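In the part that follows, the structures are each spelled out as structure tokens.
Two complexes, one shared chain (subunit A), two partners (subunit B, subunit C).
Let's look at the complex of A and B:
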């Protein structure tokens, strides 16, 4: 399994202009438009946050929609959900404070989900936020959802027993990464964390010590799902969550099957994004990627209404792409997950060497080893094309296969010795890079890193490698969720670093502060400019590619598109043709 | 017989004790921090230390082992982060599956048993049958066909045979359903049809080995004096072959079968992975991939139990099959 990491950081923005990212959702599935320009906004009119969601053309109600996946979803408890599968599954049975209206045809809008709008910045300083809760939103038992239950859900995310989920809200409210030490959920179940208040059943307020302009985005993650205190079963909620969405979990056999059936108390008029066309959604776990894809290709029986979640594996890509009959059943598109060859600048201190690496890189060659153009698309930027305000540029123009002569010219006869750390799950990546870089004069020594420890090991400041592969997928499509997280040197600590280039430049750090303090609408272009500046002045990494999603579904499935936010199949519009 | 059984059981307990100690030490020997999976992003040393203390990982090793064993016998309280009270036999709590490891095993063991036991019956009947017929019809076309069959089976790998079976019978001809597990008590037909390809794949590969082994043993036995004597006394061929020669020839087959069935029950990893069935083997592999240490330890222990029990059964069967063997 390839390493995935989802994260984001502070920042502020209001208008979106998202380039590239997703496939279309025209109701029949089979979206394969990988380069479309998208646009979007944060909704301010409460009408935009109300339902029902616009009908998907041709969609029909009823039937059982199936998802075939190799392994179980790591968590179902909304306060613990953070894997991509979990993030795409959770909206089926849980509602959040805000959510993205992503119609798959080029428009992304942040809207209120349980809230009437995506929040009000009370004092225009991003420190005090207010959310008004919609009328008519209910739990699966028919009881109303109020601000109290949403606040309780957020409060329980402070419980250290409930591991796995994101921690933005907790850290922002406690103004400390040690949020559970600042406020103990178990000892204070009757109260709320500092800064979180519910003046009445319709109002939820956040007050932060520092400005957090990204709150409307952060509130779209599943940890803002509501829960009634008397339904809180602690760690066991992970097996049977209490529903606030259009479906409820009726059966969950770990590693075998997850069954979701209609929640009759869900009111589509309150929901701007979920369609809930199928009567039942069944996740079947077990088959590996190849078996899952083969089943969907065979299109027999129940598999006609199934989606192969693990995508089209490399071994089947040639077969699938050459079979025109499968085209209407395939969904392709860019994901926000960007791979880069990280340069450890604390070890590779010579800028010309880092620039030479950027000239030498053979992106085409690497993509071929990775799985071909159906699985990856080359990029030369640090921001993925799905980021708001994205601008394409080439700081080191070297063509698709690299410019060895230019790299040699920069090295001026030197033959730098580099240690390349590579995960032991994909040693072929290391072999390809070594062969590529040695052509330009580098001497590369391969060192294997245990795959399951790689993330931790490269996150150690004193790690012994000069270059290594990294990937990053932000939790929301803002440059603020990428550049400061990966390249602000003031965040460097002994372990658990996201800034794995270990780059620390005062001028650039000040630029991060300046952009983060700008009016929200002005940030997007500034992030794009800063992207170029970081690459030109620091060259802390070699951007490689963004992952391409490539999925197949059965002949009776429609409404599948790739999420603009996470790059995985969105399930809220799926339907089974009747 | 009783003394023999008691002695074997004592040895088995000692073996399992040794395995439990080793697997427990493995928990600490693996290059993975047992608490890393429980810590959120941006976890720091202070938080990690707090989790370690909560889990009792700062207690002396002997005390931790004693608590683990006590949990197996009497159950134990694992604390709120691990689902509270864990009833005996408590094998710990899986953070990956968010449930007691015993619950996981209760769910996956029937899958493995349902794969292995019918497959073992098939491979033994087919393998031993082919071997015997081949030996009795030595040099004939039937013998050559049997040898060809066993050579083919022994040369192939399960992931290949399984993939071919799936491609032909499930995806193209649509004769068999997608492999799945249904309890035999809920729906015997669905149980059988969901597992038939796994049985066929396992039986094909294993029976090949048994056919060769049985043939060789039978040929050797047929050349022994007691067979000639029995024939000279005028006993009918079926009686000589069935009651005398077969019993003598089958002893080594039983030994191998015991070990094979024991290790297969410990987890038919490739079979379960190929056919997408969540049995003990697949669970063990998933646990290794995700660093789910309590589940790894439990699957190692369960596998050891199967091997040890299978060996005891083999020893007992020796005496039942071959009167020349006396239990002492």
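Let's look at the complex of A and C:
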């Protein structure tokens, strides 16, 4: 009898649990409709590059701000930082030659950080650039930062032992992708790489063999952080960087905790972007995306002043969007990370098949599989909307869920057999695409690729797949960091290709050269035009969506916005409510 | 005179069985051990209920294509229009409607009921096939080792020890993905049947050891018994000794081992799917379905509930039936 009663109670409980979610889902959109319109400029007035940064309304000083993240940050050494977490963390303890003034609204201005202005194009040919260093900028030990230390920082990025960082400056200075063979840092520690000079303590000069109009942008990455030669601990700098920013690393337990405390020698008057409101910033590593989000939702104790770095996982989005109480604690917005279904044009040589793919695509369905409208926004362009000068257009108007009839018409009765390579971490992406494309008459074979090897495998020129998913996020919001990188056929090599569509069209390549030689400010419109041309003439990929960031923070946190450049939470304006 | 243990067990059971016979017609009814076990099993309510549950689930699994036809929905059909913008099913309790009895999967929008039926088919087929293969290998290896002794025993026992010492999961992680690469080109789809076969082979390579040890132990204790001596004295050959004299006395433990192996393989197959080396998308599979549903515990509990409850029922029914079978075949073992 007792057993029966227990069973009945258990059954009732289980039923209740299911019915608990019994309210009708009428499909209220949790999407983020605001299309952040990006407008960007390069500051010409040196006043814009001067501090202090404009106060964030309601911000208060003090307290400990926490960030919860699953894994440790791969690198702290500014010359090696390149992961998104690293890029957002680095401004806390390092200053760069230039930086973006950004408040998350989409209006970004490139300003000088250590430099007085974002660079002077000496001969107006983009080959010689000059930077004047600000007065009053100091390291954590109080010693002044001069052009010598910045040049030393750039020089040490040539060291092949210091892997992981971006390589634009090195390649441009050495005028070769094998920059470390051209100039050996270890043998020439006392000198500087070719083309880099410091005429005096306040001046830094770059001289390139080829024009590089993007230099002011490229100089905003952390590898331009200064370092004193006697503080260079080589690979160990990764554990304890030497600070030039508002905080210094005081404790770093790999994979557990990273503690940043106020650097008293940082002068806010020299800094146009950093606020440094909290006394202490603590990264705690370990909890996965779900645990992190649940902790912040619960909002207990220290978690009240925490940000869940891994965002809202797709399984929790429905719960978070429906909870109005979480609204003021959530940060949503567009990222520059654009997903596309790349078509391997060396295999799919028929343009009409590639165009048919563009018509057949059910972006809405794919976004549902990816995680829903709160995490992705459909695009039809190769440039992400966060690019400066972005113009929206549809080369192949397919509607939200695809135009199957139009695709069939283009295929004219053919049933092209396509092999879709899909990472084995998310096989359901392949399932959805197969179902979607087969409706339009394609025959799709799914082939799973080990997720950790996918990037390498797809980057091989002779890879065996016809279509595969790719994503690209540019390092600065210019078309120059997207289109020539992804679609210039002259860069195709045997392995490690970014041009995974393997398109090589002479007319388009010439256009790339022409636009790249224009001054940075004039390029924006040209890139938008070229984007349309590539899509219409080559159809090298099916643009799918741009990722949307969706983050939660505790009730005592303020000042978090999504960086317009990288689409991740910016930490430089964060504050803890007192 | 000595009796074989099976006959001994049978006689011991005659007395209580006779109690139920009314005094008027007190006559001995001759019943074989098998009949006795069957009557005991039938009297066990747990066993009957588990058997019925299993039967229903097995029929469902076997008739999957037929059910799909009647139900009107295929296992790979996507109903993404019935999902909201977040990819969650519209309507009540995970999208339950007259068309979709158990609702829809979030994100892909496939029908949960039909995918469960197909998933059950995959899981049950793998589990039964693997249990059958491992039991056969185990029985043959165990009976040979136990009866022949000497060098044969030493070699078989040595192989058993090696197989036991090999870490199963690491072996599976290493073998399963490479096997597909070995047989299929970079542009060929790996058929589901091949994935199933590989899983059965992997289970067979490791699962036979426990049965082999069990049978070997039983045979060692049996081979010194008088009825075996008698058969040997009468000049019986090896085959007769093994399969006529010894095997009939081993059916009870073998059956129990088999019935307990099946649920073990169901969960084992689910575990491998957790690690992404079992049956791959888009083939329906129980283990992967549950693995994919767990993150939705908070937002779409129905998705977790139906597959979870079904695999729970399946494994519980098998285990209870196995226990009941053991009790019925060997009444001395419990209570």
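Heads up, the rule we're going with is that the second predicted complex is superposed on the first by the 538 of 578 C-alpha atoms of A that agree within 3 Å, B and C clash if a C-alpha of one lies under 4 Å from a C-alpha of the other, contacts with A are read in each partner's own complex, and residues count from 1 in each chain.
Throughout what follows, a residue touches a chain if its C-beta (ideal position, glycine included) is under 8 Å from a C-beta of that chain, and two chains touch if they have at least 3 such contacts.
Every value quoted in this text rests on a predicted model; they were computed, and no experiment measured them.
*Asks:* Would you check which partner chain A:135 touches, where first means subunit B only, second means subunit C only, and both and neither mean what they say?
*Replies:* neither
*Asks:* Determine, under the contact definition given at the top, whether A:184 touches first (subunit B), second (subunit C), both, or neither.
*Replies:* neither
*Asks:* Identify the partner contact of A:291: answer first if only subunit B is touched, second if only subunit C is, both if each is, neither if none is.
*Replies:* In the superposed model, A:291 contacts subunit B only, not subunit C.
*Asks:* First (subunit B), second (subunit C), both or neither: which does A:405 touch?
*Replies:* Once the two structures are laid over each other on A, A:405 reaches no partner at all.
*Asks:* Scan A:350 for contacts with subunit B and subunit C and give back first, second, both or neither.
*Replies:* neither
*Asks:* With both complexes superposed on chain A, which partner does A:125 reach: first (subunit B), second (subunit C), both or neither?
*Replies:* In the superposition, A:125 contacts neither subunit B nor subunit C.
*Asks:* Just which bits of subunit A does subunit B share with subunit C as contact spots?
*Replies:* 450
*Asks:* Mind pulling up the subunit B residues that touch subunit A in the complex?
*Replies:* Where subunit B meets subunit A, its residues are 31-32, 36-47, 50-51, 80-84, 95-99, 104, 107-108, 166-167, 170-172, 174, 177-178, 180-181, 273-274, 276-278, 282-283, 286, 289, 291.
*Asks:* Residue numbers of subunit A touching subunit B in their complex, please.
*Replies:* Within the complex, subunit A touches subunit B at residues 1, 7, 70-72, 74-75, 77, 160-161, 163-167, 171, 177-178, 180-181, 186, 234-236, 238-239, 253-256, 285-288, 291, 294-295, 297-298, 300-303, 450, 452-453, 456, 495-496.
*Asks:* Please name which positions on subunit C make contact with subunit A in the complex.
*Replies:* Interface residues on the subunit C side: 76-78, 80, 83-95, 106-109, 177, 185-189, 276, 280-282, 292, 295-296, 298-302, 305, 309.
*Asks:* Show me the residue ranges of subunit A that touch subunit C in the complex, using the header's touch definition.
*Replies:* Per the touch definition, subunit A meets subunit C at residues 14, 17-31, 290, 313-319, 321, 362, 364-365, 367-369, 371-374, 419, 424-425, 427-428, 430-432, 434-435, 445-448, 450, 464-465.
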